[in-house]
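Next up: some structures, all given as structure tokens.
Both complexes shown next keep chain A, but they swap its partner, so chain B is in the first and chain C is in the second.
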Partner chain A sequence: MADLIILVTLLALGYGFGRYSESTHYASIRKREKTLNAIPAIASRIPPQGNPNFDSQLVSGSVVISVDYFKRFIAGLRNLVGGRMTSYETLLDRARREAILRMKEEADRLGASMVFNLKLETASIHKGRRNKIGSVEVLAYGTALTPN
Partner chain B sequence: MIVSNLEILPGKKITKHLGLVQGSSVRAKHVGRDLMAGLKNIFGGELKGYTELLQESRQEAHERMLEQAKAVGANAVLNIRFSTSSIAAGAAELFAYGTAVIVE
Partner chain C sequence: MEYSNPEIPEGINTSKTNPLKELVILTVGVIGAIFAIVSLLIFVVDNFADQIPFEVEQNLPMSSFTEMQGVEPLPPYLAKISQKVINSFNLPEQMHITVHYVNDDVVNAFATLGGHIVLYRGLLEKLKYEDELSMIIAHEVSHIKHRHPILNASHGAVIGLALSFLGASSGNSVVNDLLGTTSMVTLMKYSRENEHLADKDAIDSLVKIYGSAEGAIGLFDVLNSEYSDRGEVEFFNTHPLNKNRTAEAREAINHSRIINSVVRAPIPSEFSRWLKANKIEAKETKKVRID
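Take a look at the complex of A and B:
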């Protein structure tokens, strides 16, 4: 009985706080994406030709983000029947967008006009532990081109 | 030192290739941070301690790579890649590598 009470409390805490933090995070991502739209991040490897007056510098942004207890529980259930794991999809989406935003913020501080050769690297932090995803790290990096 | 993950530098000519340079760092998390992360695993959200830790160790790997590039006399490192691998539970290796070159 005590176990059940603990489980329900954890689920309720995870649901409440997780939901709140996700919606505030998405709101802040959307807001910052709008202001940083002026600096495009391009996944192309070839820098612009014929316009050689650029300084290049490496910029990067990273974030470690964790899924809440409720979502992990739901994902565990989903594991039984298979199908889309929406709870992890939003986790990775948030992490990637946040990492790209942090990279763009660094590029913005340098006065860059664009970021070239964007690469994304994902690592699961809790890999060694009971094979659960739990938290992921996303690193975004690229070359900021600053007109000189 | 020019550092970039492009293969060429716009407007600059590569005069000499000096080969691969690399740097790595292996870090483990300390118990206090693990406890905080455990709590965060219930509530969800960003694990700021881990973000900082990984950033620091990546910075260290990056600096080691640059030291190596300096030692071979390069003035730029191009085509940089980062990679992360978990070695044991609670420890991660951060690895940076690139091509050391001399540009005009």
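Take a look at the complex of A and C:
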């Protein structure tokens, strides 16, 4: 009985805090994406041709986001039956967008006009005892082109 | 060449499913599936374990009680009442029941593999009437009659094995906990059904011997004062709650129109004195309750 109460409490805490942090994070992501849209991040490996007056520098941004108890619980059940891991989709979406934003912010500080050769890498870190808690790291990096 | 980033449309990389709805569907589905599988396993095992001859059970090496701490020869009074109760059951010929007396404070009695019944001094001391003692013995005899000890042991083994396979392949602690809890609750439901059956049989036996089932209510009152299960949920218990057992006994009494005006025989004072005089004082060791 006590176990059940603990489980429900943890789920409620995970759901409550998880939802709150997710919605505030998304709000902040959308706001910053609008401002930083002036610096496009392009996946192309070839820099713009015909204009050699650029300084190029490596810029990167990384973020680590932890899974909450609620998401883990749903994902654990999903593991048994298969299907879309909807509970982790928003987590990775947020992590990718946040990493790109942090990279763009660095490019902005350098006065860059765009970032080329954007690359993304994902790693799961700190799986914890018996896979209890997991967090995901997303690293975005690219070449910032600053007009000289 | 112009380069630009379009505004990212929302909801492309994420699903719109309500997480709470998903939680409910997944939890109910998985729990339901585990419940169904465990129930099916219980059903299958029951059909096999039932075929194990009683002699096999009796020859198991674990059935030796002579080395158990505190075991003493069965007092003649207990032997007399036990025989009276066993006779009321019409057991198959090969089903031999051995009653043991343990000089220990534990307030409990149990039946186990090989037709052994163990009565603890702690419980016997609390009884006032002979029919309460008969109720205990009859309840345990009924467990043996229905082969509950061997069935329970078989369930434990099969479900434990199935769980360890599943648990090893899922590798997720949350899911393992859910698997374990659901199986446990399913087994508890089964165990409670067995207890109901044993209570029912025991009441029938009391009626046969005494013409009254007052002993059942008396015994449940004793158990209730010893282990108050107030605030407990039956769903998470191996035994039905005492109040439900009492209610069921009353219902059985009403249903069969038993006249409860029989004079109840008290436990002989010599026996109570004997229990007290031969009491082994509790040592520093921790008492563990076994069922």
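We adopt the following convention: the second predicted complex is superposed on the first by the 141 of 148 C-alpha atoms of A that agree within 3 Å, B and C clash if a C-alpha of one lies under 4 Å from a C-alpha of the other, contacts with A are read in each partner's own complex, and residues count from 1 in each chain.
Keep in mind that, in the parts below, a contact is a pair of C-beta atoms (placed from the backbone, for glycine too) under 8 Å apart; a residue touches a chain by one contact, two chains touch by 3 or more.
If you're wondering where the values come from, they're calculated on a predicted model, not measured in any experiment.
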item	value
Simultaneous placement of chain C and chain B on chain A, clash or fit	fit
Following superposition on chain A: angle at chain A, chain B versus chain C, Cα, nearest 10°	110
Touching partner for A:V81 - first (chain B), second (chain C), both, neither	second
Which of chain B and chain C A:I42 touches, first, second, both or neither	second
Partner chain in contact with A:L139 - chain B first, chain C second, else both or neither	first
First, second, both or neither for A:S56, with chain B first and chain C second	first
Comparison of chain B and chain C by chain A residues contacted	B
Partner chain(s) touched by A:E121 [first = chain B, second = chain C, both, neither]	first
Least C-alpha distance (whole Å) that remains between chain C and chain B when both complexes are overlaid	13
Footprint overlap on chain A, where chain B in one structure and chain C in the other make contact	48-49, 71-72
Touching residues on chain C, where the partner in the complex is chain A	1, 3-5, 7-8, 13-15, 17, 19-20, 22-23, 26-27, 29-30, 170-175, 177-178, 181, 232-233, 236
Chain A-touching residues of chain B, taken from the complex the two chains share	2-12, 37, 40-48, 50-51, 54-55, 58, 80-86, 88-90, 92
Chain A - residues contacting chain C, complex	1, 3-4, 7, 11, 15, 19, 33-34, 37, 40-42, 48-49, 70-74, 76-81, 84, 86-87, 89-90, 92-93, 97, 114, 130-132
Of all residues in chain A, those that touch chain B in their complex	10, 13-14, 17-18, 21-22, 25, 45, 47-49, 51-54, 56-58, 60, 62-69, 71-72, 98, 116-117, 119, 121, 123-125, 127-129, 134-135, 137, 139, 141-143, 145
